[in-house]
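Structure provided below as structure tokens; questions to follow.
Every chain is named by a letter (A, B, C and D) in the order it is written, and numbering of its residues begins at 1.
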């Protein structure tokens, strides 16, 4: 059996999610190419060592620069803040390594274009991937299959909202509120997922942004220093005069769009939609049927079949845990539901399938594909700032 | 157009519900026999007069005895406490009047039998009806149609619960807590509905009660006198030493049963199921499909079609407001939902259809039919008290 | 007791809804001013006569011009297609009659302005009302109360969608698809409700439309003639060569907006959102809490209280049938749910309260208030067509 | 760090679930005692070898008898069919090993008693555990905490149903349909979970079974031989004359019960409740509040707080993914939901905590505790067969 050494760049939340995915995928899938956790490069040496020990990574790396040159590393998995994606990914590609990069592809359209070009210019056989994990929820994959099989007919509407509420005023400052590091706020973080999902399930492209609006509700946030953390002082508790830092990203971002086939789409991302924790919602209405998804109930797809007799039409809550549902036969019996991490495990398996020369169960996004998503993000940003409509092919 | 004069006996909550139904039915249905509110007999004269003035009843009656002799009254509508059902209904039948009686048919099996016999012995053409209003929820009627059309195949399970929570300790005493007046507590009041619905939707009969349990959680309750009411004193606020009266009925009653065709059924009624207001639930599982209903979402039927491809099976939430749904074409357009009172309006219309010599849209319960429901109530009562199984044909 | 004679102009679906509301309101509310159905003017004489006979209207009128001069008519209730609203309402106001007009106020901003001016210029004591019935759903009123009491804190987001699906391609042509008669399609019909609700629940005003998009999916529809109707031929069945007529209104209309207090709002109306029958949705997110409403479950309000301990926070499904909920003490006990028509009944009662010199239980929209809603509709229309942002005070 | 060698007896579905749990627990919990997969004994040698290779078990064992003597094995994890639980567990205890046994404890009350006695008689420090995994759903643990903190007051009702539908007529025969191997059908398999959960969340004991009923809908099933499997022939497709085997267990089992504190409880288990995949439902109603759980939405707890103002009371859908919810701080951020396997991972971690001399986050069931659950199963079985009530202390 072929093996591919995974080199993780990033040892934070996403690093753990990815490490778990690489470890679990061979246990649940019959892989033709087996991933091994070859190396990890965290923010500093101790972080890398601890992470390596915990997650069974063969070795900590002193830096991502070293890691990408490590001959045991065949695929560089980039899960650091967005502003670093381009530099690391391009260097890895130049070193002839496959790259799997977290979303959004980049903070700027320029970076994203450079990455796509680097992917196109890479050595033959070198592959790129972007971690749009929600594609691999059984319910989202099923949504795509129903649409691709024509069960919805022509698509009229997409209604997409990714709502969270952790951005409340009391949340302390972090890199995510700094436009230099994060590029944007909810827009790049959450709308990137929605745009990718809309493209994935329909197979159609967004051609024009028809109005957009960004909102920033909180202008500055408390800085929680290492010492105040040690003292157990959160942002709220810190004494008057505590340092505060300006926020420079959107808290919410909405836009309207038109797709090539005439679909009317709306997108909204927010970190201040109280009561919504990870509510990645999408509804698609077609001529013959409709589908709805909400990640907070990720095992379910709502399906409306308009070809049934009127008396029997209804929103059918499909519990996507049947062996006939995408990816499910790899896991547990019907009704034994899956969680957040399984989308990553299935994606790791699909990546391995591709690296072994096979096909993924569902299409994967590579850098070129993710660049199209980035174009939409960019067109929306311009639309909001210029108060105009914006064609995506003008990006 | 023929007219039928309605004589209401009872001017309380149920009196209002029925008066409304008689008034509304001709506005929404093309009736061949038009109901008019001919007379009303409440608890005392002023109540009758006020009710008559408000609801457009032609005249208040001094007593139910007078009312049933009134030549303008063609149908006596009995909506007084249960212990009076038999006396009034039988007298009305003897007077040659149609009778529509509130459920449960009676407090005792003896009374119920007398009523059924009186119905059988009534003058030719005299009809009886029992207000099992839930039969006329579009969703319940649809449940019946799907089962009758064989869409569920053989029925395996019925799971029926009627849950309310107004019986909390602070609720003052009333006739409903006195076994002499009410017969039983939740059992007769709520299980009567469930038993009727189970029989209605399946067309099958309960042959044996296989275990039953009654529970009384609250032993006595405050008596709220007229004077304490005037002073605005509720049960909770009344001073120490306030009179309290023993409760002599069940607060909850559960039983298991077997139906003729082998269906396994469970029933539960409670007034102390905190958080449930009027949760009349029923789930039916068959070989080829299942249905679920909850009155708190009375416009919806949950339908599972097990003959669909596994990938598309789900609990389908049918919003029963399409013209193809039972009774709906008489009311509003799709999505314009109905309420509690519409079951009564549709039942009033069905009664009028029968009185005009036609067929109701859905079967109605008469006294003989309701007697079968009463037999089950009685068998369950005996089962609970004797701690044994009890065949209903032994009643 | 004072009486007010109602003169209905329009005898279609909305005429029935209003007639029912005027008839029912005195049965459920203690009114200081009693409505009587004095006259009705339908499309032609026979329609008026039949309607009058069915609904107990004192007399059919030959024309609306006659009706508004009828001394027995105190309030003219306008429920005809939008393009007639202005002429009839203004004439009625000039005749010194109160006017209750269906929504949207008018087809054009000019008409709407004329109506508002006519209302301002009417004889002292003459009142105007616009039938924004959803304000009187208990859940919508409760939404408003929670917001007004500060329970949500500063409002960040409004997410409003009014989705229907009757506009499918097979639906025949009607006045609703003709811009001359209907003004617009889903926009005026459905967004009018959403804008009014957003203004009602927040007490805030929309100051700017920040992008808008209209879509027309179906370009022409079959004309169903009276003769094809008689033959039982629907639009789909009519033979080739059957007459088809161009549609000149939007099927869907979306826009983004900003409110005075900084709230970010999105609006969407569609007649082609398959699976949605009358899905009037609204979600409002505030600093301290959120609320959600969906008319298809009109008895329920979803409420998130962010001030509870995190462990107990959840979307609470409030079944708005408690006597403590708006309007409920006039109807049935807890759990005995209401339907579509009850919003109109409660509104009729509130109108009577105002006419008797009292206060409505919840604020009513008059022509001046509805004109503000119309300004937003107009600003959105311009935004969509000019592809720009549009301040509402520029209308 | 201490290590404990896990010896898995069983390499089927449950073997995989447990192996995964032991592997994952150290990655998500800070364990004081680290589990290692020391040995596995499957049905035959090749199964054990393949399992060991896949799941990283140090060595396959030739037999469970060898495995329990293996000095590297500190805990024997029993996940074979029920009829083998007693023999293996008792032998392991005698060998001085900790034992973690799948539920139900045993097929017969005699076996269960022997197991409990063996546990009590084991060497000091030797511990037993039973895999009642649902205790460790965050929602179920939260249910327990709310009840234990008195938030529900006195408990009135428990309504417990564990519904599946895989027992349809077309399902081929297996050990689960043979009473010699499985003991009972849905009863032991599913009611065992419900009884344990009822005891766990309330801390109360069932004192009497007040009626019970078992049902067997399918009398015989096709035998799918290894060769027909190879040919891709399922039970349905196999040719006429294919061997069929009698089923000797219940398909559904219902019973009513009373708990020590007066709670009225109902239990139902079924494998033929069409549309229910793994619907482990429980509702508990108390004086001051209620809770509801359904495993198909395992990340959610429905909570009713009856002490809130009536206007704000509702069924609150708590998404149990906040760090303040039981076990959640070990996994992902809010809204990043968990799945079926996480209950096992958390249980493995709790077992390790106990083995290291600490406390589990939530109470664990040992053999003595599980024996109480078995007494209830037995009392219910007798009640159903004798058609009488049955005290559990008479077992």
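As a convention for this text, a contact is a pair of C-beta atoms (placed from the backbone, for glycine too) under 8 Å apart; a residue touches a chain by one contact, two chains touch by 3 or more.
Computed from a prediction, not measured in an experiment: that's the story for all the values here.
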Count the touching C-beta pairs: is A-B or A-D ahead?
-> A-D
Relative to chain A, which chain has the most distant C-alpha mean position?
-> B
Take the average of all CA coordinates in chain B, do the same for chain D, and state the distance between these two points in whole angstrom.
-> 41
Counting in whole Å, what is the centre-to-centre distance of chain A and chain B, each centre being its mean C-alpha position?
-> 54
Where the centres are mean C-alpha positions, what is the separation of chain A from chain D, in Å?
-> 35
Contacts with two or more other chains, residues of chain A listed in rising order | 276, 313, 315, 319, 322
Where on chain A is chain C touching in the complex?
-> 152, 156-157, 159, 161, 165, 168-169, 210-213, 215, 217, 252, 254-256, 258, 262, 264, 266, 268, 270, 272-276, 283, 285-290, 304, 306, 313, 315, 383, 387-389
Provide the residue numbers of chain C that touch chain B in the complex, in ascending order.
-> 13, 17, 20, 26-27, 54-55, 164, 166, 276-279, 295-299, 319, 321, 332-342
Could you pull out which chain D residues touch chain C in their complex?
-> 142, 301, 303, 305, 309-319, 322-325
